[in-house]
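In the two complexes that follow, chain A is the common piece, with chain B as its partner first and chain C second.
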Partner chain A sequence: MGAHISVPMYQRTVPQRYRLVANACTQCGAISFPPKATCPQCSVGREFTPVELKGTGVVYTYTVIAGGGAPPEFTAQARSRGRYPVVMVALDEGPKVVGQLVDCDPEDIRIGMRVRAVMRRIYVEEEVIRYGFKFRPA
Partner chain B sequence: MREVALVGAGQTKFGDFPQKGIKELFAEAYAEMLSSVDKGLDPRVIDAAYVGTLGSGGFQLGQVAPLLTGHVGLTGIPSVRVENACASGGFAVFQAVLAVASGVHDVVLAAGVEKMRDLSGEKSRYWLGVSGDTEYERLAGMTFAGIYAMIAARYMEEYSVDRKYLSMVAVKNHANGVRNPKAQMRKAVALEKAMGAPDVAYPLNLYDCSPTSDGAAAVLVVAAERAHEFTDRPVYVLGFGAGSDYLAVHDRETITSFKASVEAAGRAYEMAGLGPEDVDLAEVHDCFTIAELIAYEDLGFAPRGGAPRLLEEGVTELGGQKPVNASGGLKAKGHPLGATGVSQVAEVFLQLRGQAGDRQVRDPKVGLTHNVGGSGGTATVFLLGRD
Partner chain C sequence: MAVGIIAYGTYVPRYRIRASEYVKALGSFAARGISEKTVPDFDEDTITMAREAARGLDLSGVLSLALATTVPPYDQKVLAGTLAEMLGLGPRIFATEHTSSDRCGTEALLASSRGLDGRGLVLVAGAPRGGVREETEHGAGAGAVALVIGEEDVFCEIEGWSAYVEEALGVDFRPAGADRRHDLGLGTYSRELMFHCVRQAVSDLMTKLGTEPGHYAFAVLPGGDGRTPAALGKGLGFEAERVRNPVATLGDLGPATVFFGLAEALAQARPGDRILLASYGAGSGSDAISLKVRSERGPVTSAVEDVEYLDFLSYLKMRRLL
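Our next item is the complex of A and B:
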C-alpha cells in the first residue's frame, strides 16, 4: 500500500468513511473499527454484524500539524488555512479513530473534551473529491 | 540452537551525499566491515546476505539485495531484502542471526542502506508516510511526526510530564553526536534552543525529530564456534527478540508503550538470562525524542512514567550509569532507515571492543540495541556481550 489512496481503495471503505460502519463480533459482542478479519477483543471471532457508530466520543490525544509539514495531498489545505489539528478520539462504543478537528482553535483543544463526527470534504485527488469524517467540538 | 557471534562491523558516515547512490554507500560500509575483521576475511566464505532497506523514493523496488551484493562481488549466495520500515536493518540482523543459530549458515552478511537526501521535501513527506496504516492515518492528514506527536501528548498527559524532558533527549544525543565522526549532526544544542525550535507537529518541534539521511552499515554474523578464525575479540549475541503490533496506533489499547518493543525485549532478556540492570549501554530507537523516553520504559530501564527521572539524574548520559545512544542516536548520528538497526549493532560492537574513540563508554560488558519500525508496528532487540 502506498501513501496514495486510489479511487477503488477509497471506494471499498466508503461505509466506514461516510457512516462509521463498524463490526460487532458475533462471538463476544465487541465492536471494532476499522473492521478487521478477526475480532481484536476475543481473537477468535471471524463473523460480524455491521453496526453504525454514533460518532461521539472524547479526545484521547491530539497533535497540530504545522502547515509546512503537511503530506502533499494536504498542502492545498495547509496553504489556505495553515496548521491544522488532528485528534485521536475514543468513541463511546470503544474503538479509537483519528480525524481532523474542525471549528476549534488549536489552543482550546484538551485531552478529554467531547467531540462528534461530521461529514467533511477531505481532499481532491485524481479529480475525485474524497469525503469522510472529521470531528468538531460536541 | 547454535551460539552466534559478530566478528566485523562497518558503516558509512551518515548524512548528505549527493555523489553517492545506494551501491556506493553499500560498498563503502561493506569495505569497512571487511577491514574490521582482525584476522582478515575471504569474502568467498560468506554463505548468505540479508539487506535491510525501505527503498524510500522507489530508487530500486525489486531485487535490491542481489543488486547490492553483486556490486561488491558476492554472487551465487542467497541474498534477500528485508523490509520492516525503520526496523528493516534490525530485522536484517535478526534474519542473519536466525540463519546462523539454526545451523544452516556459518557466515552471514547483515547490512542496511538508505538513500533519502535525493528527494524533494514534498516527495520525502510522501514517502515518509508509507509505513503507517495509510488507509486511515493518512486520510486524516497525519504525518509520521504527527503520530509520534500524538504519543507525546498522551504521555505528557498521563504522567504530567513537562516538554522539557523531550528536549533533554535532543540535548544529550546532540552532545554525543559531536564525539562521533560518523554522525550527521555534530553540533551541540542548548536546552533553551531545543525547547524553542519551531513546531513540526505539536508538541514536537524541529529538535525532537531525527533528520533524513543517506547511509549504509554492515556487520558479519558467524557461528560462535568459528568466531576465533576471524578475531580474538568476538562479540557474542547473548539474546535476541522481535515483536509486532497493529500498525495503526488507534488500534492499540495504549499508545504510551510499544507492545512490539516489550515483546522483543522480553524474549531477548529471557534468552540471555539477563535483566535491564545488566545492560551497561544501549542504542535505542530515538526517531523522535518521545521514542527514547518510551524506550527506557519498554526496555525496563525505568518504571512506567519514570523515564524523565533517568534524564533528570543523568543516568543515560555518556558519563552516566547506563549511557543511551552514545553514538548520538538516530537524532544526531542520523537515520537512514534501512541502515539504522545495523548501525546500532555496529556501534555496540565497537563499544564492547573498546574501539569507540571519544564516545567510548567505560568498560562495558553488555550492550543492547533496540530498533523500531514505523510507530511501533515492529521492533527488534539484541543483547550483545564479550568474553
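Our next item is the complex of A and C:
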C-alpha cells in the first residue's frame, strides 16, 4: 500500500522537492530538512530562515527495491528497470535525506560515495507529474 | 548594445543506444547517418532536462525565461512556472513558452533577445515521441541546452537575424491529440520545402548584413538525420568541414539539435569568428541568426559525462514501449 500524497500536500512541499529549501533555526543555527515546525536540534526554535541546500553529500546507507517491493506509485518504474536503488544521503550541510539514486547500477553503489541532487519525475498520480530531486553519482 | 550569449550549458541523458541494436532487433534502422543516439531515462522529460541544462549557470539578474520544446509534458499548463520554481527564478519574471515545431528554439532566442530587460534564460529541450514501429522514432534522441543572454558580459553577440515562414502541408506534423508524428513520406517534396525555406532565411540574412558564406567559420544547420545538414550546407556554400550538427552521435534532438551544434561551434570558435545558426520547423519556417564571437567563451557547463549503452530490450523498457 502506498502513501498517497494529495496534490495540495505535494504543492506545499514544492520548494523543498524542487530546490531543497531547508530551515535554518534562528535559535541554534541547525539546519533541518525537510523543514519542521520545531527545530529537531534544540527543540525550542520555532523561527527559521529558509536556506537552499547544495544537494551534494555522501551515501550514508542504501537499499534496492525489487521483487514487487515497490509502492504502487512506483510499480511502473520498477517494471521498467526491474529494480531501483534508494539511498539515504548525508548532505554536506548536515541533514540526512532519502531519495532514489539514478545513473548508477546497484552493484556500483558504495557507502560514502559522493552524490549530487538532480531533477527527475518522482511519479505521476491523478495525471499530475510529481517532480522532485533524486541523486546521481557526483 | 547588441544582445548576445553570456554563458551556456548542455544536458544529455547518460544512456545511449547504437543503430546496430535496432538492426539486430528489427532488421533495419530508418534514420540515415545516425550511428547512436541519446535515450532519456524512465523519469526524465523535457522539463527535467531543461532544468539540468541550466545547472551550475549563474542566473542572477535573469528577468525572463523562455522555454522551447515540441514535447511538453502537459498540453495545457504554465510549464515555465515549473522551471522558474526549480531554478529559483522569479516569481516576477516574464516567461514565454515556444512549441509546435523544431523552429521553436531560435524563436525563443529571438523573442527573448528583442526588448530584453536584464538577463534572459533560454531553455531548449527535445525528447523522443512515438512508437518504435514508426520510422520517425528511430532517430529521436533527447537533450537540452540553456543559454543565458543579455547585453553585458556577452562573449558571443547576435549580429543580426532573418526569419522566413510559409504554408507547407503534410511534412512532419503531429495531429491534434495524437501521440506520434506523421510524415506523408514524400521524400523529395519534404526535402525541397526544407531546403527552400532555410535557403531563403539564410540568404536574406546575408543580404541584410552584407556577409557571404566565406565570412563564417561555422554553419550550424538543421536536419534530423546525419546527411541533411551537410547537403544543406553544400547548397548554401558551406563545405562539410564547417557544418556543425551533432545528430550523427546524439540523435535528433528536435529544436535542441541546432543548439547542440551551436555549443560545438562555440567550443571551437576563436574571438572574431562568425557563426551562422539556422533552424527549421516543418510546416514551414526557418530563422537564420548571425553570431559573432567577441572574446574567449564564458562559463560552460556540461552535466553528465559518463555514458552507458543499452540493448534494444532495455531501451524499449526505459522508453515505456514494452
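FYI, the second predicted complex is superposed on the first by the 135 of 138 C-alpha atoms of A that agree within 3 Å, B and C clash if a C-alpha of one lies under 4 Å from a C-alpha of the other, contacts with A are read in each partner's own complex, and residues count from 1 in each chain.
Operating definition for what follows: contacts are C-beta pairs under 8 Å (C-beta built on N, C-alpha and C of every residue); 3 or more make two chains touch, one makes a residue touch a chain.
Values in this document were obtained by computation on a predicted structure and should not be read as measured data.
Colleague: After the match on chain A, would you call chain B and chain C a fit or a clash?
Modeller: Because the two structures are overlaid on the shared chain, the partners are seen to fit without clashing.
Colleague: Look at the residues of chain A and decide whether chain B or chain C touches more of them.
Modeller: B
Colleague: When the two structures are overlaid on chain A, which partner does A:I5 contact: first (chain B), second (chain C), both, or neither?
Modeller: first
Colleague: Pick one for A:R19: touches chain B only (first), chain C only (second), both, or neither.
Modeller: In the superposition, A:R19 touches chain C alone.
Colleague: In the overlaid three-chain picture, which partner chain does A:A70 touch, first (chain B) or second (chain C), both, or neither?
Modeller: Touch partner of A:A70: chain B, not chain C.
Colleague: With both complexes overlaid on chain A, does A:Y131 touch chain B (first), chain C (second), both or neither?
Modeller: second
Colleague: So, does A:P50 touch the first partner chain B, the second partner chain C, both, or neither?
Modeller: neither
Colleague: In the overlaid three-chain picture, which partner chain does A:I122 touch, first (chain B) or second (chain C), both, or neither?
Modeller: both
Colleague: After superposition on the shared chain, which partner residues are touched by A:T61: those of chain B (first), chain C (second), both, or neither?
Modeller: first
Colleague: Vertex at chain A, arms to chain B and chain C: angle between C-alpha centres to the nearest 10°?
Modeller: 150
Colleague: Would you check which partner chain A:G29 touches, where first means chain B only, second means chain C only, and both and neither mean what they say?
Modeller: Neither partner.
Colleague: Taking the superposition as given, tell me the minimum C-alpha spacing from chain B to chain C, whole angstrom.
Modeller: Checking C-alpha atoms only, chain B sits 12 Å from chain C at its nearest point.
Colleague: Looking at chain A, which of its residues have contacts with both chain B and chain C?
Modeller: Of chain A, residues 77, 122 contact chain B in one complex and chain C in the other.
Colleague: Contact residues on chain A for chain C in the complex?
Modeller: Residues 14-15, 18-19, 52, 76-77, 79-81, 102-103, 118-122, 129, 131, 134, 136-137.
Colleague: Please name which positions on chain C make contact with chain A in the complex.
Modeller: Residues 14, 41-45, 47-48, 51-52, 55, 73-74, 82, 85-86, 88, 304, 306, 308, 317-318, 320.
Colleague: Where on chain A is chain B touching in the complex?
Modeller: 1-3, 5, 9, 13, 17, 34, 40, 60-66, 69-75, 77, 83-84, 86, 88, 95-100, 106, 111, 122, 130, 132
Colleague: Any idea which chain B residues touch chain A in the complex?
Modeller: Residues 122-123, 125-127, 129-130, 134-143, 145-146, 149-151, 153-154, 157, 198-204, 246, 248-251, 255 of chain B touch chain A in their complex.
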